[in-house]
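Have a look at the structure below before the remarks.
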Amino acid sequence: MSGNSVATLVTKNPEEGLELAVKLARLTIKAMQPDAEMRKAQRLVYEKEPAQLIAASEVVAVHFRTIAAANNYWL
Amino acid sequence: MSGNSVATLVTKNPEEGLELAVKLARLTIKAMQPDAEMRKAQRLVYEKEPAQLIAASEVVAVHFRTIAAANNYWL
Amino acid sequence: MSGNSVATLVTKNPEEGLELAVKLARLTIKAMQPDAEMRKAQRLVYEKEPAQLIAASEVVAVHFRTIAAANNYWL
Amino acid sequence: MSGNSVATLVTKNPEEGLELAVKLARLTIKAMQPDAEMRKAQRLVYEKEPAQLIAASEVVAVHFRTIAAANNYWL
Amino acid sequence: MSGNSVATLVTKNPEEGLELAVKLARLTIKAMQPDAEMRKAQRLVYEKEPAQLIAASEVVAVHFRTIAAANNYWL
Amino acid sequence: MSGNSVATLVTKNPEEGLELAVKLARLTIKAMQPDAEMRKAQRLVYEKEPAQLIAASEVVAVHFRTIAAANNYWL
């Protein structure tokens, strides 16, 4: 499934970089919790919890920093 | 809507960089919780919670670091 | 009000860099919670909570890292 | 056991980099909690807790950033 | 008082770098909570709380990263 | 005691880098809580708490990032 492969950190622009950062965050959760049903149940929980959404967005911010560096900040 | 596009990380000065960092943090939350009503309800919660505001501002700080690097620190 | 403008990340030395980092952290909170009364009430809470002060100081540490890089570490 | 050795941070692509980041996170936990039974019991707890999975994925994100730099972002 | 001035990030070796990182973390807390009595009371709390000590040590780790870069990693 | 000195961030390979990162994390805790008995009591607590082990491993990850840079990523 193409949604799971990350062949490159290169993206066209910051927006796609942010999408890739979200994807990396999700793949990491998947690596630690391979059970799709469990992940779905957890997702229903954290989507409603501001504190957990904020924590998840920090993970995305760290990945975005990596991706931005990989793209020379899209300069 | 222009408020959702991030075509570049380049800003005129640190202040605009901070604004862009806040925007990136919000776009990330939006990517994870696409339901506008839900986000609004959560926002009403976290705006009143110092702990969550602080956590959110750490996300912004990480994005600001990325943006500052993209702008060669506005030197 | 000059207290709100951040025209440059350049400071004379690490101490002023730390002051600027604290200021950036506060401006971020302000961007997310524009209501001054609310911020004041929250401040009264988090100033007494070690856990929140520590969390806030991590935000400052991330900003200080950015500012230090902007100043070539004041070498 | 090969699963415990990390002779290099070089990987073929971002996907393997993410796998290595997960491995580094696990080796760190192992260094701090050498008792395998304890780790297993804890794992059963955190796998079900979204907040802890998110926290663990931030650790992975930090390691991924290091690994990406080691691989010159796989460019 | 000399304990409050940070004129340079340059240190002789990693050990002194770690000491400076602890000092920066403390100065940050001081900037946010200027009341010495309050800080002392809070210190008595967080010194006994593993979770808060760990959080504080993450702040130190971020500052140590900055200081290490300032010293070209003491190479 | 040699276990407390950190004369260099240079290590032979990533594995030793991870060990040094764990050591830096412990020295930081020691700097903030010099009482050995207290640290031992706290250790018994956090070793059993997945959330605290994860938080501690993030501190290690930040130190590992610094150490990896100091070693040019062992390339």
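To keep things simple, chains are lettered A, B, C, D, E and F as they appear, and every chain counts its residues starting from 1.
Operating definition for what follows: contacts are C-beta pairs under 8 Å (C-beta built on N, C-alpha and C of every residue); 3 or more make two chains touch, one makes a residue touch a chain.
Because the structure is predicted, anything quoted here is derived from the model rather than measured.
Asks: Where the centre means the average of the CA atoms, what chain is farthest from subunit A?
Replies: Result for the farthest chain: E.
Asks: Same residues or different residues: which describes how subunit E and subunit F meet, taking over half shared numbers as same?
Replies: different
Asks: What rotation angle takes the CA atoms of subunit D onto those of subunit F? Round to the nearest 5 degrees.
Replies: When the C-alpha atoms are superposed, subunit D turns by 60 degrees onto subunit F.
Asks: Calculate how many whole Å lie between the centre of subunit C and the centre of subunit E, each centre taken as the average of the chain's C-alpha atoms.
Replies: Result: the chain centres lie 16 Å from each other.
Asks: For subunit B and subunit E, let me know how many angstrom lie between their CA-based centres, rounded off.
Replies: That gives a centre separation of 27 Å.
Asks: Considering subunit D alone, which of its residues make contact with at least two other chains?
Replies: In subunit D, residues 49, 51, 55-56, 58, 62, 65, 69 touch at least two other chains, as defined above.
Asks: Considering only which chains touch which, how would you classify the arrangement: line, ring, star, complete or other?
Replies: The chain contacts form a single closed ring, each chain touching exactly two others.
Asks: Can you list every chain round the ring, opening with subunit C and moving on to subunit E?
Replies: Putting subunit C first and subunit E second, the full ring order comes out as C, E, F, D, A, B.
Asks: Would you tell me which residues of subunit F are touching subunit D in their complex?
Replies: My answer: residues 13-15, 18-19, 21-22, 47-48, 50-51, 53-58, 60-62, 64-65, 68-69, 73-75.
Asks: In the complex of these two chains, what residues of subunit E are touching subunit C?
Replies: Residues 5-10, 24-25, 27-29, 31-33, 38, 42-43, 45-46, 49, 51-52, 55-56, 58-59, 62-63, 65-66, 69-70.
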